[in-house]
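The structure appears below as structure tokens.
A, B, C and D are the chain letters, set down in written order, and residue numbers restart from 1 in every chain.
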Amino acid sequence: MIPASFDYTCPKTVAEAVSLLGQNPEAKILAGGHSLIPMMRFRMATPAMLVDINQLEGLSYIKEEGDWLEIGAMTRESELDRSELVRKSYSLLADTTRVIADPLVRNLATVGGNIAHADPANDHPATMLAYGAEVTATGPDGERSIPIGDFFLDAFTTSLSHDEILTAIRIPRAVEKSGGAYFKLERKVGDYATVAVAAQLVLNGDGKIASAGIGLTNVGLTPIKATAAEEALTGKVLDDASIKEAARLASEVAEPIEDQRGSEEYKRHLVRTFTSRALRKAQERAEGGGV
Amino acid sequence: MGMAPALLEEISYDENGNMHGGTLMDYLVPTAMETPAWETGETVTPSPHHPIGAKGVGESATVGAPPAIVNAVVDAMWHLGVRHMEIPMTPSRVWQVLKEKGAALEE
Amino acid sequence: MSTHSITLKVNGEEHTREVEARLLLVHLIREELELTGTHIGCDTTSCGACTILLNGRPVKSCTMFAVQASGAEIASVEGLATNGNLHPIQEGFTEKHGLQCGYCTPGMMMTTVALLKDNPNPNEEDIRWGVAD
Amino acid sequence: MLYLDIVRSPYAHAKIKNINIEEALATPGVVSVVTGKDLDAHGLASMPTLMSDKQMVLPIDKVKYQAQEVAAVVATSRYAAADGVEAVEVDYEPLPVVVDPFKALEDGATKVRDDKDSNLIWHWETGDKDATDKVFDEADIVVEQSMYIPRIHVVSIETCGCVASFEPIEGKLTLYMTTQAPHAIRTVLALVAGHVGLSEEKIRVIAPDIGGGFGGKVPIYPGYIIAVAVSFLTGKPVKWIEDRSENLQADSFARDYHIKAALSAKKDGTLTAIKIKTVADHGYTDAAANPSKFPAGLFHICTGSYDFKQAHVEVDGVYTNKPPGGIAYRCSFRVTEAVHCLERMTDIMAHELDIDPAELRMKNFIRPEQFPYSSVLGWEYDSGDYEKALRKAMEMIEYDKLREEQKEKRARGELMGIGISSFTEVVGAGPSKDYDILGLKMFDSAEIRVHPTGKVMARFGTKSQGQGHETTYAQIIAEELGIPPEHIQIEEGDTDTAPYGLGTYASRSTPVAGAAGALAARKIHDKAKKIAAHLLEASEEDLEWEQGKFFVKGSPDRSKTIQEIAFAAYTNHPQGRSGHLLRPTQLDLSFRLLHLCRRHRPGHGRSQDPPFRRRGRLRCSHQPDDRRGADPWRSHDGDGARASRRDLL
């Protein structure tokens, strides 16, 4: 399994990288490489040029600023995993990071790569949908912000243009009485999800749901935002009835297909089950219990 | 130790002879996380035909474990009318059986 | 197709090589530097037999191009023993028969070295989690 | 060094209309592209499988399974070879595919093999059908069940691969390869390529440390033959290392057994007979690593640990458009399939009769006093105490408590199950009357040399893949000779130095080669006694042995250590025994086992080899091939091995 030949560039600045992409329509960005390099080894991807963005300065950080938690695109999954800030206040993100691939992959794999690759089986996309995150894209005309809901167009296709680089992801800053959880069924460590569900809740002072976010992994061509389920929960108290209804709505919006991981029916069942579990856990965390 | 064929490993083909599971991403070999802890014991009955009484035991775990694991799963569901489970007993297969027997729970 | 001059430190020793961009790091280590303790078990980043330490962190050297490692410090299993003395991890693996065929053992050892650096007193769950790849 | 990479078929069944190699040959670094036609010109386009069926090395006109080798690219680097593979253009015409073995057996089914009449490879049956049917007719209860044991792969962490290095001046081929059976490989290579001049004495197979085998590294795969052929033709070393995906998609597979079984019993739970009908999917060629006389391997150990009165087994081997299947994997020649069937059936019977599965097993176990026991399907069981083993396992897991817990949980609607299996496996592939590979009768060999300072070099015909032979064999020899294990060097895997053996699989190394080691060590021990008698000026009858030294009875001070004796063997030998005594410290003994039956293992625990017994307490009661070596003063050069080679010719 030997990749085809390619030209390699390793720019030092984002502007330089953007310019290289602009000049080379067959170029691809190399971030953590843990999706791209295996595909190149199978010659399923044969880019003429790689623009290695691992040496770009200032793209690896996790910080709260204004209304956002901002994460640099080149932040390694293992850095997220070790971040006290993430563990303390962003339980959904912490849950997700912990189950991406395996510990060694997480040492190189990046948050930006996981999202920009737009593999519906990747874990961060659903989580970012549940959070209502925003993607920062840097191109020849500077930065622009893309709501995550507008980002995933199709399998492996995003709204980034060829000469844009995903440079950061912004998650709404954690507020009081908020919490989330990610539930994933994988066949073994390192596997893609059979099904996974991300849920994020913000509660009002009276315990009712101020806002709910639900994202689904690997049950369609793109990660799916379960909008109807989110809306059905808003303003309600999380109880057996509202959970059941949200789980049903989430499972309806899923578009799973039968494969080695299970039947369509089974996957819809998992969406219901994990939506219920993730919501319960999110509620528990929003109320200050559990981690 | 024999759990892999019982629970994970399978090579299958579609009707055109295309293989499912031709990489280690889909041919599932258990890691330390999937593998349970186990206890071993032994009794000794030396072979009378052998200068040091030795017998081969290289495959002890792998031969006996798959039916033991199937027997456990079927034992758990016998009262529901389940007589047999094919291997590998993946989560989706077990769920399918429970569903057919009206025992799959919804949360 | 481009070639690149790279310099990297492997087990404390500096090496400079002219490499094709597509040369995988594991092939540089095994075939150019002739450090064959690092093994290849799969094509899909699944097995961990090729694990080395890249600037102190365990990574899979089959899923990285050699050119990306320019300027990096790499530790492979050959660097564990010092002055003819086995590393405590090597001694531990020997004592507890943690070898069998030994093919993935170098990767297991490098992972374990890194795990213990982060977490000197892991419980069983930490260990299983840490080496599950 | 040249590097080989292989073009593989995307189709499971297709006609090869054309192979265009021009672009590949123009690829930088590519030296040549080898096709089936090129190999055919040298009579190397096909080879025999371990079951004497035919396997294509490279096809001439048709491919028969997905990922089959179609052409090979030889280049100056692995990277260039991969580029060459990408550049080879093959024009295929897809043909109808048969993947279901039941459909393959239907009239009018697509024929997988043009050289055969049908897709049925063989029908094999054993046991008395009428007598079995009669027992079934008289039974109180009969249970039936179909089951499928899917295809699985050995997936040893190191893939297959080799460096073939032909030296044209000496005419000698050295093949470094990851194999479990180096000598058998050497013989098979000579059979495949003898006609082009690769005679067996000109072939050296070296298996260094190898990354797991599990049965998958017993056969020869096309890549090996292509590498050998290219090295032979170019006179350069050629390296072929499989990728993981190639390994998973093309090498031999295990299982793929479709089983229909019926079990009969009396009301009280006494099992009376078992009937099994199986369709075995072997893919496009019968490459199973079975003893020739048993097409379905040792599947007929299916009566397991129980005292059955009758049994009847039928197996149909079937060709399909899949890679070769049927290797012995993680068991001794299809025992796993048999055990799976029997233990499922036993459990179903227990549940149907509402008898505890453990109790039903206890009731039917062969009892200790029944050994040696002859099974109805013709296996002789030497020893065992099955009930004791199961009771021990039940105590360890606190079986009764678990059943209580299960009852409580079930009352609460929770599902909990407890599974038991017990099995008896025929292991230690060594009884020549039952076992062979391609006619090579199974035995194994040990050669022990004691150096003047009392250090030992011992070589064996087996090949460890991590089983720890270096430790086990050293312990056996240490126990026999009183030489510390750390002074004993164990070597295997080089056919130029190690004595002929059939390799390591089917749990055979310690039972067979380990036995040869013990017997060879005993011969040295007997010789040492003669030298000690000479040195101590005592008669042999007056000497006693204590671990590591001989001493004169009643005078413990008058003693000679094994190390002193070893030195004397080279410097101070008895009159009239000179040359003979000095050098025949080299012993080569083959050992064939008549019957071995593994210790019974209920449940799914792991176990260790039984502790080694000191000689004297446990005597070998049957040493069939030991007669020739009865004179300890005579060197013995491996008659067993020679006899087998004669059998082959």
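Things worth noting here:
Here, contacts are C-beta pairs under 8 Å (C-beta built on N, C-alpha and C of every residue); 3 or more make two chains touch, one makes a residue touch a chain.
The structure presented is a predicted model; accordingly, all values stated were derived computationally and were not measured.
Shared contact partners of subunit A and subunit B, listed by label: C, D. Of the two chain pairs examined here, A-D and B-C, it is B-C that is joined by more C-beta pairs in contact. Here the CA centre of subunit A is 48 Å from the CA centre of subunit D.
We define each chain's centre as the mean of its Cα atoms; on that basis subunit B and subunit C are separated by 33 Å. Distance between subunit B and subunit D, defined via averaged C-alpha coordinates, is recorded as 22 Å.
The distance from the centre of subunit A to the centre of subunit C, each centre being the mean of the chain's C-alpha atoms, comes to 29 Å. Taken residue by residue, subunit D touches two or more other chains at 78-79, 243-245, whereas all remaining positions touch fewer. Within subunit A, the positions touching two or more other chains are listed as 1-2, 4-5, 42, 102, 189-190. Looking at subunit B, residues 12, 21, 23-25, 29, 31, 33 sit in touch with two or more other chains. Of all residues in subunit D, only 78-79, 82-83, 86, 243-245 touch subunit A in the complex they form. Chain contact summary for the complex, subunit A toward subunit D: residues 1-2, 4-5, 42-43.
Put simply, subunit A touches subunit C in their complex at residues 1-8, 10, 30, 33-34, 37-38, 40-42, 50, 52, 54, 78, 101-105, 107-108, 189-190.
The part of subunit B that touches subunit C in the complex is made up of residues 23-25, 29, 31-33, 35, 37. Those residues of subunit B that touch subunit A in the shared complex are 8, 12, 20-21, 25-26, 28-31, 33-34, 90-92, 95-96, 99, 104, 106-107.
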